[in-house]
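Once you scroll down, you'll see the structures, which are given as structure tokens.
Look at the two complexes coming up: subunit A is in both, with subunit B in one and subunit C in the other.
Presenting the complex of A and B:
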């Protein structure tokens, strides 16, 4: 039995429904990341947010970016953040005050930013055809390793430098040298 | 228990309600919807960065903002044919730089935590005294 091209009762196309679910999940998880009290749960909500965003990348026609999103963000960065959370948990548990005193101005600024961005996006002609294209992975590889090969190599060096720098920063000082640490 | 039930009922309502923002901006076939989503996610991240007290929360908010920018780049790359595969390439490079940023940022937070015994940024006031 073939699946109908639109949802039977509502008459909406399937990809719009999927888009609504993914977008809502992403925004709700994003809101939970910045508002929840327990920071471990914030980290888990961040993983949900990144997963929904990977789905949106697939809908936008960039499957390789979606795969990299799952690998890099859900697999690596979220785990790194969770480890950092566990390393910096204080004994007293979650603090009572989650927000700084500037939370209300920050919320107002965020709302203003959303309004300005939405008005700008609505008022601008972006010059596309209005058609959603698909990035073919073979094309992407050809472009990445031909036109963009220098940035690619530079990013590799940058990652190496970041790894070495991260190890150096987080390394515990040797006991002999702890005296002159202020 | 009651909180779990209330959450299980409220979460789909919120998900659909928030997702309707994207539909109102044109659905999955218009560039505007992706850009509006990206803008909202960026604003959420900005709010978190300005408002949270915990340094790791602030780093997570930065990750949200980087993802929002990535979403905008991927949307442009997919809707404007002149860019070709360039949008996806830039998104991949941004991802690698974000990974480097997360590594160094979390290392700095852990190093400061070892010194000051707190992850809260408003107690890092040694330069103020």
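Presenting the complex of A and C:
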């Protein structure tokens, strides 16, 4: 039996419903990441957020990007973050966040920004959406290593600079450094 | 991609190779500061020579039109090399007493330079963003370079959070522009906007939104009011040589981005963005100066004054949008003059702080004119130049911008008046330091410090640039008018 192209009773296309579910999951998980107190749970919510984003990539016809998202973000980065937390976290931490003194003005500003964005996006003619095709991996490789090879290489340099900086900051200090106060 | 593309980006390759060479030297002979500095300076020299050689070729593009080699690229690249070389030369006297390594400092600094050089050559929005990130990311590390100092860490975290946030805003705007113009190439965006201005294409609200986000992101990076909140803490907390660099390098780099973005991509719509720049320039210079008046920490004072200088440079941009191409020459000259005089001023503070524990409070400067006459004279010169008193480079830079703004007329001419008023107000807090140096008794009778040869060499270079570009601005003007011409021809 063939699956109907729209949901039987509601008459909505499957794509739209799937997108709403995935985007909703992503937003909810993202909110949980920044609002929950327990940092381990934040890390787990972050994985859900990444997973939903991978689903959106699949829907947009970019299976390779979705695969990379799962492998790199969920597989590597999240696990790394969770291990880093488990190895370094001390149980005694501040129960209230230090920076939370301007929550109300920030919330008002955020809501205003969302309203402006929604109005703007609604009022904009975005042009034809075109055919939603599958991205062929060979095409992706050609784009990445021919047309966009310079940005691609620069990202490598950027990561190298970031790694050097990260190692310096994380490196254990030699003892007995003379402190001074500005 | 082919062989000639690699030749065109040779300055960038030389810069990245220099950064890696410094790292390798530090691995082979660990802890040898002199070897590291020698490698860095030789590498920077090679980069400068390569830049000049490649720059003598006719203007061209590489990588499918994403990377552009023109007079502007060459001029800005040379300026970045000079800024980084001077920062590296000033650093050891400050870092050594605090047992901070020079190698990592120099490496990430040169990486930041390669990012700035990429910005100056990018005519593609995505590449501009990557260059911006490569330029500012090392800055976060450098701001927190003094790991055991809590102020340094605090400033670095504030800089990092707001900096990443503003990068995200910039990227969001870029996505809007890409979605509505179908291209990230600056030339394509400009041609779409030309059609919009000629009413052959409708102007969509989404495009306006995208440009608003791009402007906000860039305004954060140049620390224009009201996007300046990270500046004072980041500048005061950072190690002094880093503060000098942060107040000059990323600022000129972000202005390079503004030139590529606003003049080339958004050039067709300059009548539309002119009011925004006028408001930004007016608030930035006024607020920066007003708050600087109340500071008694010289580093913090110079942080606020650097915000004011951002405002002066924005006046140059406003003059361009008001129909005076000389405004761009003014902006470029100001960027160069400001780089040398501001780095020089911070170098004097860094030299005084060679003795660990010396703060950058105003009292530190009491009696400096008698205790260390040379440092006193140089500090006075840099401060006079920052004020804009002839015959220094700072005077000529302000003069070019004011002249262009007056000729542009209208509200831009009002900006010129505001600039003069602001410069007069700024004289008060700059000269207060001079008063402390020559009319107050020293707080302590500690013997004068001995400063390294590198420090004196760097100070000499900064002094020479500040005086020479003031007396003979023609030395720079040739390159600058070629650079501005390359921009306006494209935009």
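Simple rule for what comes next: the second predicted complex is superposed on the first by the 135 of 182 C-alpha atoms of A that agree within 3 Å, B and C clash if a C-alpha of one lies under 4 Å from a C-alpha of the other, contacts with A are read in each partner's own complex, and residues count from 1 in each chain.
The definition used in the following text is that a residue touches a chain if its C-beta (ideal position, glycine included) is under 8 Å from a C-beta of that chain, and two chains touch if they have at least 3 such contacts.
Quick caveat, the model's predicted, so the values are computed rather than measured.
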| Overlaying the two complexes on subunit A, which is it for subunit B and subunit C: clash or fit? | fit
| request: Mind working out whether A:106 is in touch with subunit B, subunit C, both or neither, as first, second, both or neither? | output: first
| query | Between subunit B and subunit C, which makes contact with more of the residues in subunit A? | reply | B
| query | Is A:162 in contact with subunit B, with subunit C, with both, or with neither (first, second, both, neither)? | reply | both
| query | Does the superposition put A:68 against subunit B (first), subunit C (second), both, or neither? | reply | first
| request: Identify the partner contact of A:123: answer first if only subunit B is touched, second if only subunit C is, both if each is, neither if none is. | output: second
| query | With the two structures laid over each other on chain A, which partner does A:31 touch: subunit B (first), subunit C (second), both, or neither? | reply | first
| request: Scan A:146 for contacts with subunit B and subunit C and give back first, second, both or neither. | output: second
| field | Where subunit B and subunit C come nearest after superposition, their Cα distance in Å | value | 5
| task | Kindly list the residues of subunit A that each of subunit B and subunit C touches, one partner per complex. | result | 117, 121, 126-127, 148, 151, 155, 158, 161-162, 165, 168-169, 181
| field | Complex interface listing, subunit A residues touching subunit B | value | 13, 15-16, 18-28, 30-31, 33-34, 39, 42-43, 46, 49-50, 53, 56-57, 59-62, 64-65, 68-69, 72-73, 76-77, 80-81, 84-85, 87-88, 90, 95, 97-100, 102-103, 105-107, 109-111, 113-114, 117-118, 121-122, 126-136, 139-140, 142-144, 148, 151-152, 155, 158-159, 161-163, 165-170, 172, 181
| note | The answer for subunit A against subunit C in the complex is residues 116-117, 119-121, 123-127, 146-151, 154-155, 157-158, 160-162, 164-165, 168-169, 173-174, 177-182
| Which bits of subunit B are touching subunit A when the two form their complex? | 11, 14-23, 25, 27-37, 39-48, 50-57, 59-61, 63-64, 67, 70-71, 74-81, 84-89, 91-93, 95-104, 106-111, 113-115, 117-122
| Which part of subunit C faces subunit A closely enough to touch in the complex? | 1, 9, 16, 19, 23, 62-64, 66-67, 97-99, 104, 107-108, 111-112, 114-115, 118, 124, 126-127, 130-131, 133-134, 137-138, 140-141, 144-145, 147-149, 151-152, 179-180, 182, 202, 204-209, 236-237, 299, 356-360
